[in-house]
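Heads up, the next two complexes both have chain A, just with different partners, chain B and then chain C.
After this line comes the complex of A and B, so read on.
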């Protein structure tokens, strides 16, 4: 609950979900409204608990990678990449620079695809079907490129420990195709974004709702574009070694509302295009995978990286046979959820779903911890953990 | 083709039930219907979120235990004749969540595959299946609906 100490009379509770037209994923929104103004909001996300962290325990690392990729279908590459970054950091495995470039390139391609899903979803909620379908159409060109690189539209499986799958190496002709498609896409995408920004109807629907101040964003640790739209320039990509050779800007916006969250993502796509171009043009020669490593005992290691929605953490240890112990994942959405709840408060009910959609929740990967208490088990999501115990001790 | 089949063919409503996979499949399904490249809406196949309006239920994902009852309810509230399409490796055989488990041996959080919960007519394998495959799966389920008395 985010309403603070002051006591408010609640007139009515509106609840949406778990299956509802406005929500693609199963979750439940409870809005406490008073005279059509949202006084409090509660998001309940424990509908898709799969026990995924427990599956890792006792698996050899190479096989575990298959599960890591299936944590989330929108950001599959991120999870696969961060899972190998943990062991590469922990056992000091060198990654050839060519592999890093291809990983970064795939990452940015999926970022664009992910942001375009958000536009599709957000404009569905707004009720502007043209923009929604156009964003799905634009997304197809990147889904194609991902499948050219990795072989599958959703699960490209590019990273393996020590490099990338040799199949995902870029050939000269593929490089040419990527550059052509990126140019083509940029042309169309510019038109699309201009249309959105110049459309007075859509903009008036987005402007001035769902405020999240910079202080609140930092307090709830709303990472990624959600935080950056509140003027907090926190982007882990600026600190990651893999991103050192690339030149890009961190997009921030000071206006803190729903429009800002959409605009920040829209502009981020251009930065991603820049990175893809640099990666393809400056791709170093050399091997793509370093196979001279052995799984051995590894202490608890953690890797952080910037995903499409914010900060992602993977961490695990290896036992003496090279099997995984204690896998932990923290995805960006749990901390962003607290920010979403807060952003809804004080608005008209019709805006609440739009505000939540503009924060780009991705809930499949959220629900992971479960508390078993005298035969009665209930799911404790990371979000509730954050709410109860505070963010990162 | 009799009158019923002709009129049914004019508005096939598809409902997507997401039951806890990784999200990849639903997006591909929604893509198959909405994205202008695949666009099955031009063949009068429409996406709906109301089970009482639906003809074909597309189920994706391993069935997480919270979703077992809702899924049964959704299935029951779809009027006859109805078809069920299980989309994705998760719905067909449980994918990694059921078959690649470490020390715990058996994943008790999920009820995969889907046909242990509700009857399934067509299975579309793949992780994630391409939108073309999803469309082919839905088309396979249609004769059952059109030819029903």
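After this line comes the complex of A and C, so read on.
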């Protein structure tokens, strides 16, 4: 058997999923192994096709944005925010600075909650239940704070076109609560991270596996913490106007292994805490929403932003009645998983699953397929894709 | 002749009493184990009887499901063999069996333990669950990578891992087991207990409260061997950090995946009795308190001290990740070296 340019002998195939107790979302992992060593890997992620982009078509833009928030339950805020950034950019709608601060703050709160989910999942995969359950316990602080701000733990619905919902505006007492909780969390979190780093067994499981070089990260466009753990200094927050008032560091690591992907996220949580404190302390006075806009025809407009797993793209156009046309979403997981397909080669079987999990895959928001054929766009079901183009298309 | 009849009657009655008590007691151990883990993880955890007793009872009443295996009859029988092996393993360490054909010796214990390990290889090679290769996914469709190579069920991979664990993983336990026998300069359990607890051997009183005067555990090689025995205990029970042959993240449950309903209940009984049997053997060999069903004080003491290893196991499980062979090989070699050091020192003693 051959794999790419390198000739490798493959003894057998082991396959897992899409129904598997350790996979929290449905995907198929095929590992081609020699004894315990992975020689090649194939990931099929298109198992939960939802066709959510098709749902947007023809909806009034305000209603469509509610669906955007429901693309993903972990990064709901970032989808809602990026969806409104598209129209705000396309129709030049000004957003009050106070609203931007609250959006950024909610974004960073959800980033912390998202990273803690990854720790929970990764340590579940490592087999360390105590670290996994501690992670979910710690996450509760931020789930509570998100619900205080938005009124809901999972779907806070903070951004609206032109600003934020007035109910998400910060009162003086809420500002005090946020700062207190952030301090409490930071102390507990420091202890948690220290215990992980000082645990030799856990470190031996994470270190030296799942290598992804910087060149490969760039080649596969592995963005977010996955790319930064390979030493690629790429964070869209540094280019976003909303983040200009905030001071924070972009965490990178040159180790390029699974440990680096965990450590980068662990350190990013401290930077997020820094941003939340700045947002609360320096919150400008003024209105939180600009209602002087009108939905009108808009050309295809694209907005990119840095979500918790990497680069997120939303793109759509509006027709003359202000209804959505051809909504497109590109989440970071497909490219990150492609990188992991490459990175897990050389690992032991059990480690390969950990390597795949270390890019924090989120499949519900990425399993969609659109095939452009003769200039006309189609959304096809799994069955149709396999029948027409073969599995790998 | 009369003495022989009395001995046989005693053997049968003590075996029945010991097997019943051991089985019932072993059903409580998983609950204690889970409770300790839960407390470490700041959870309440399940009620003590739920994971061991009630789950076995529940599975006993579940609808019968035919296992998806190559030879269903063999696969089903393996779990019955397993129960028989672990109960015999336990009985061989009870005093009535010490005199039977030399089974109450290191050879009896090691032989049965090896047999128990072989079961996992057989189970793994038989089982063909739906959850891996059997999943109806078009893996071999056009464009797929590597068509035409051998596709293995996760249980078969588990069987291969079980072989590796047999070869090296359980070595520390066997080395540690040798230490008390080396100190007693005998292969018989009776000699090991006599060395540590002469008062018990001398006494014929059923209300005897003989305590050991010189337990192996309180000697330097004894402590080393006890540590190695404990790690070997974890390896033999396939618990974290040495649960690679049933790692949930890839192999799910390994070879026992297809045991459902009553068969699963029996598997739980097998696993629980093994957990208790190995703990009881530790108390007998390293502390000198055998499980004697006709001397209640000794039996209760053995039962109480048999909690030691499951509680330590629970704490270890709560704080351990699953190790891969990258870590297991050096760990097993290192522990075996410590065990051999203890053995050499004990021969000197």
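The rule we apply is simple: the second predicted complex is superposed on the first by the 365 of 393 C-alpha atoms of A that agree within 3 Å, B and C clash if a C-alpha of one lies under 4 Å from a C-alpha of the other, contacts with A are read in each partner's own complex, and residues count from 1 in each chain.
Basically, a residue touches a chain if its C-beta (ideal position, glycine included) is under 8 Å from a C-beta of that chain, and two chains touch if they have at least 3 such contacts.
This structure is a prediction, so every number in the text was calculated from the model and none was measured.
Novice: If you stack the two complexes on chain A, which partner ends up touching A:136: first (chain B), second (chain C), both, or neither?
Specialist: first
Novice: Using the touch definition from the top, say if A:11 reaches chain B (first), chain C (second), both or neither.
Specialist: Touch partner of A:11: chain C, not chain B.
Novice: Based on the superposed arrangement, let me know which partner A:267 touches: chain B (first), chain C (second), both, or neither?
Specialist: neither
Novice: Looking at A:179, would you say it contacts chain B, chain C, both, or neither? Reply first, second, both or neither.
Specialist: A:179: touches no partner chain.
Novice: Applying the document's definition of touch, where does A:317 land relative to chain B and chain C: first, second, both, or neither?
Specialist: Touch status of A:317: no partner.
Novice: Using the touch definition from the top, say if A:127 reaches chain B (first), chain C (second), both or neither.
Specialist: Touch partner of A:127: chain C, not chain B.
Novice: Please work out whether A:52 is in contact with chain B alone, chain C alone, both, or neither, and reply first, second, both or neither.
Specialist: first
Novice: Between chain B (first) and chain C (second), which, if any, makes contact with A:250: first, second, both or neither?
Specialist: So A:250 meets neither chain B nor chain C here.
Novice: On the A-aligned overlay, A:205 touches which partner chain: chain B = first, chain C = second, or both, or neither?
Specialist: second
Novice: List the residues of chain A that touch chain B in one complex and chain C in the other.
Specialist: 18-21, 133-134, 137
Novice: Write out the stretch or stretches of chain A touching chain C in their complex.
Specialist: By the definition above, chain A touches chain C via 1, 3, 10-22, 28, 30, 32, 35-36, 40, 42, 44, 123-130, 133-134, 137, 199, 201-202, 204-205, 348-351, 353-354, 386, 389-393.
Novice: Please give the residue numbers of chain C that touch chain A in the complex, ascending.
Specialist: Against chain A, chain C makes touches at 37, 40-43, 131-133, 135, 137-139, 141-146, 149-152, 154, 157, 160, 240-241, 243-244, 247-250, 252, 317-327.
Novice: List the residues on chain A that touch chain B in their complex, please.
Specialist: 18-21, 24-26, 46-52, 54-59, 63-64, 66-67, 70-74, 76, 117, 120, 132-134, 136-137, 139-140, 152-155, 323-324, 362, 364, 379
Novice: Please give the residue numbers of chain B that touch chain A in the complex, ascending.
Specialist: Its residues touching chain A are 17-28, 30-31, 34-37, 49-50, 61-62, 64-67, 70, 74, 95-97, 100-104, 107-110, 127-128, 130.
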